[in-house]
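By letter and in written order, the chains are A, B, C and D; residue numbering begins at 1 in each of them.
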Amino acid sequence: MDWTLTPGVTTYAADIDRLYYLILVITGIAFVVVEVALIWFLIQYRGRPGRRAHYTHGSIRAEIVWTSVPAVVVVMIGVLSGGVWNHIRGRDSIPPDALPVAVAAKQFEWNVTYAGVDGQLGSDDDFTLRNELRVPTERPVVVHLTAEDVIHSFFVPDFRVKQDAVPGMNILVWFQVIEPGEYPLACAELCGLGHYRMEARVVALQPDEYDRWVAEQSNQNVASR
Amino acid sequence: MATTAATFDQVSHANVDTRSFLRKYVFSTDHKTIGIQFLILSLFFLAVGGLLAMMMRWQLGFPGQAMPGGGVLPDTMAPGGILLPEFYNALVSMHGTFMVFFAIMPLLVGVFANFLIPLKIGAPDMAFPRLNMASFWIAVPAGLLMMAGFFVEGGAAGAGWTMYVPLSADPEYSGVSAGQTLWCMSIAVLGLSSILGSTNYITTIINLRAPGMGWFRMPLSIWALFITAILTVLAIPILSGAAIMLLFDQTLGTHFFLPAEGGQPLLWQHLFWFFGHPEVYILILPAMGMVSDVIANGSRKPIFGYHSMVFAIMAIGFLGWIVWGHHMFQSGMNPTLGMSFMISTLLIAVPSAIKTFNWLGTMWRGNIRFHVPMLHAIAFVAMFVIGGLSGVFMASTPVDIYIHDTYFIVAHIHYVLFGGSLFAIFAGIVFWYPKMFGRMMSESWGKVHFFLTFVFYNLTFFPMHQLGLGGHMRRIYDPTEYEFLQPLQGMNQFISISAFLLFATQIIFAANFILSWFRGKKVSENPWEDTGLEWTTPSPAPHGNWPTTPTVYQAPYEFSHPQEQTKDFVMQTDKLPTTSPAGGPADR
Amino acid sequence: MAHAHAAMRPPAQAEPGAGVYTEKLGMWVFLGSEVMFFTALIGSYIILRFAHPVAWATPGQILNVPVTAVNTFLLICSSVTMVKAFAAIQEGDQRMLRFWLAATVIIGATFVSVQVFEYLQLAREGFLPSGYVPGSHLAESAETGAAYEGGAPLPHSVGLYGSTFYTMTGFHGFHVTMGVVCLTFVTVKAFRGGYTVQDHRGVEVIGLYWHFVDLVWIILFTIVYLI
Amino acid sequence: MAEAEHKHPNYVGVWVGLAVLTLLELGVAFLSWPKMTIILILLGLAVWKALLVALYYMHLRFEPNRLRILAVAPLPLAVIMIIAVITEYVW
């Protein structure tokens, strides 16, 4: 059994993974303690003729211990998770200089609209690609996520990014990639017959490489008008 | 009431059963008969739901290969035995729907609430016997409506058991029209059945307890069923309302959930999960209660920390209302809202932990009898721990970003609903079988069934955690479509084979259940040497339950009482020399 | 409520419960369930209204407030006749019990009829659960925004108004209809002398339901027609 | 039944009160006051009417406390749900 995660490639992936391992250790300890105690009791106190069970209705002290210890532990997990959650999804978490890119999900494809050279969505040099999301590394990217028909979910496992795309809503989700490469993008919310093949790829490029590529695409786009 | 003397007299003659066949077995108002009717109905749907799961597992383990025996399915489902994606979606949705609404929920609430409440609190029947009968006979057409989905044009509903809109609201998106409509109708009808049933349970528990059966002398199963009934009465109408609005969106062209004219897809999710999370506790609380009864019996000890168990049930019942958002962390819900839902969700781990430790405390220094119900109850504790702990991963919002909608969730819900609820249901069925039918189920076959189920169950569901950590999404028809999931395909096959064996193992249970009905060893009143009121009446219990209403003198789990040296249990109706009359279990 | 199952009742020394008899307790539990059902409907309306604050017509522009006001008054009247019936049987007055019960049934049925009339009227003018019928004059006043706060044209989300209106009032009407059916049974039983000073649980229990339905209408009338 | 012991509440008086409050509502609804003020007044009047029905016609005023608690128990849940979902849009 392998409990490790494949390393994430965004800035906050490590935070999520750290939390995951922390919870894994805590729940692992709880698991071992409970199951060992259970098995030990089953063996130690197995029924034998002539024996009688110890007559007791409980112990207030024990109740206090096993109420307060889990309470403290879960509150601690909550506080730690809250910090990371705020960093990823909090109200002001989106870096102001993030590069916008629009992703419109529809049955069963991802349409990616790039901001072009000017870095602004909705301007003339925007261009759209199907099922291919290219992003620069070392720079925060904010995805404007929309859906045309039903709910889809934007899931890039290696980025530790998952966000539902809801028709009628424009949801912002940001990430900053640290490792160039090619990563799968999948739909994680049942969206109909083709849900299982609603696949795209995410290509993370070095910043200069990305700029070159965008310029090239923008030019082509303007030229073809 | 002026009629008291007369009713008492009539009750004492209740053993002379003059009901016609139809009144006795079909349109019976006897809570025990209705319980058994629910048992048969829900075991049937459990089998159906299991069969659907087998087809899914075939497709996941061996995508694109013809399913053995799949040739009997029509071409609209599986041409040449190869499942179609639309049929797969229907399987996913219907497996969840049948298991949640037509198998586990009626098994716990329909069967055990009906059967146990009057017997355990000392009432001759439910408060409203005819409503009780209505509750069953309304559930039957609901089940038929749901089944009908497979036989209409377009197939059964295919938007998942959660029926997220807009996929479920418009046939243009899902390709399913009549099936979706039938789903909504069936759920609305079933809702009425559940509300009638639960109204009955609440009223019965509040008003019909036998003399001496004070609140804190009720067995934990009754406490759990009581809180469950409250959750049902308050949560189910929300689902009914939402299902009806969805039905109107589908048929009348209203716009509640369709965004084109201002509807809100997230509204559906809020309504669904506002119902759905209490529903989760509806599915686990009665299981916890029954397991408490069985563990006390098996350990021959009073339950450890009875009062804190009761308060834990209440705490779960209340907290269950303010955690629904944890199903929606990645749904586009206001992230600040996500924060508060995370805290309340994590807090719900506390009462669950209290219960687990109290079960351990009950076994500690006990004199444990490993009868079949006890084995299932032990498995419940062991598996519920896994299901509960895996829930902590999801409660932590950042970790949930990664594991949401993956097989990690699938593993979690099956550890809670199969490892939890279903093991408790097996424990309950075997434990109360003698009271239902007057015969024991086979002990040896019961043990074989238990061990095989336990092993194959873990082999099926434990690896799903690994799939989830590998990023394997839920509800996908063909995992090999994705390159990054291909390394996990071997594990998928392993899971599928384990699942087939798990399903096959249940045939042992079915055979044991049916054969014991005719051939099982006949038993006297109290085969398990338990303390509850139900064991003071003959097995099977007669119409009216007791000739005269019993009087309760004891706390629910007085095993190995020092003042009773001849046997190791004191019935709730037994008087001990020095029991204080008003005493609760903690009076020491 | 019939007493065919009197034999199933426990002796009076059962543990004290809620302090009220079983049928009444059962009805209150059921009403709790009804509260949650209307929470789903009314809650959705409130939420949708917050999500689209401009999609709701000014009071009186689409819906017929005067007719509904009269209807509201009728329902209030039926509540007082219901409670009068209960007061009558408490004193053993069979004649007045029958009179007030019959009055309640008639007024309740009138309420439903007026509501059906209102629906037909609105449908004829082009207002449906799915929104406005294109070309109808209500559609025009909606599209130009004449019927709406601020008067701005509303290309979208006007459908919500019809959806919530018909669903909420429709389910209320359904509850009234059910109430009338049950009340009819109670009235028939009253005419057969089925209730006495000692035992008139049926009258009180159906009364609770009836007043609850009235209470829901009080809320609905305000939030649907007047706000 | 024990109810007969207390004197009947003034049912007709309550009815008059309900009718008057309804008229008041109709009057307020079409005033040209600020929208928010009107909504708050109307909701206040509606709650007042609902309370009259619940307390007198449904006899909650004369019931044991346990039943009153049972009767209002669902309301907090309704409020929790509506408020939580509204924060999606206004916060």
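Keep this in mind: a contact is a pair of C-beta atoms (placed from the backbone, for glycine too) under 8 Å apart; a residue touches a chain by one contact, two chains touch by 3 or more.
Note that the coordinates shown come from a computational prediction; the quantities given were computed from them, not determined experimentally.
**Q** Specify the chain pair with the maximum number of C-beta contact pairs.
**A** Going pair by pair, the biggest contact count turns up for A-B.
**Q** How many angstrom lie between the centres of subunit A and subunit B, each centre taken as the mean Cα position?
**A** Result: the chain centres lie 31 Å from each other.
**Q** Give, as an integer number of Å, the spacing between the C-alpha centres of subunit D and subunit B.
**A** Roughly 38 Å, centre to centre.
**Q** Between subunit C and subunit D, what's the gap in Å when you average each chain's C-alpha atoms?
**A** Here subunit C and subunit D have centroids separated by 15 Å.
**Q** Any idea how many Å lie between the Cα centroids of subunit A and subunit D?
**A** Measuring from centre to centre gives 46 Å for this pair.
**Q** Considering subunit D alone, which of its residues make contact with at least two other chains?
**A** Counting only residues that touch two or more other chains, subunit D contributes 74, 77, 81, 85, 88.
**Q** Can you list the subunit C residues in contact with two or more other chains?
**A** 18, 21, 25, 29, 32, 36, 39, 43, 47, 51, 198
**Q** Going by the touch rule set out above, which residues of subunit B reach two or more other chains?
**A** Expected reply: 234, 238, 263-264, 266-267, 270, 336.
**Q** Chains as vertices, touching pairs as edges: which of line, ring, star, complete or other describes this one?
**A** Here the contact pattern is something else, fitting no line, ring, star or complete shape.
**Q** With touch defined as at the start, can you tell me which subunit B residues reach subunit D in the complex?
**A** That would be residues 234, 238, 266-267, 270, 274, 321-322, 325, 333-334, 336-337 of subunit B.
**Q** Quick check: in the complex, which residue numbers of subunit C touch subunit D?
**A** Residues of subunit C touching subunit D: 18-21, 25, 28-29, 31-32, 35-36, 39, 43, 46-47, 50-51, 59-60, 65, 69, 72-73, 76-77, 79-80, 82-84, 87, 90-91, 149, 197-201, 207-208, 211-212, 214-215, 218-219, 221-223, 226-227.
**Q** Applying the document's contact rule, which stretches of subunit C touch subunit B when the two form their complex?
**A** On the subunit C side, the touching residues are 4-15, 17-18, 21-22, 25-26, 29-30, 32-34, 36-41, 43-44, 47-48, 51-52, 55, 128-131, 156-160, 162-164, 166-167, 171, 198.
**Q** Applying the document's contact rule, which stretches of subunit A touch subunit B when the two form their complex?
**A** 1-3, 5-6, 12, 15-16, 19-20, 23-24, 26-27, 30-31, 34-35, 37-38, 41-42, 45-48, 51-59, 62-63, 66-67, 70-71, 74-75, 77-78, 81-82, 84-86, 88-91, 107, 149-151, 153, 155, 157, 160-169, 171, 184, 186-197, 199
**Q** Applying the document's contact rule, which stretches of subunit D touch subunit C when the two form their complex?
**A** 1, 3-4, 8, 11-12, 14-15, 18-19, 22, 25-26, 28-30, 35, 38-39, 42-43, 45-46, 49-50, 53-54, 56-58, 63-64, 66-67, 70-71, 73-75, 77-78, 81-82, 85-86, 88-90
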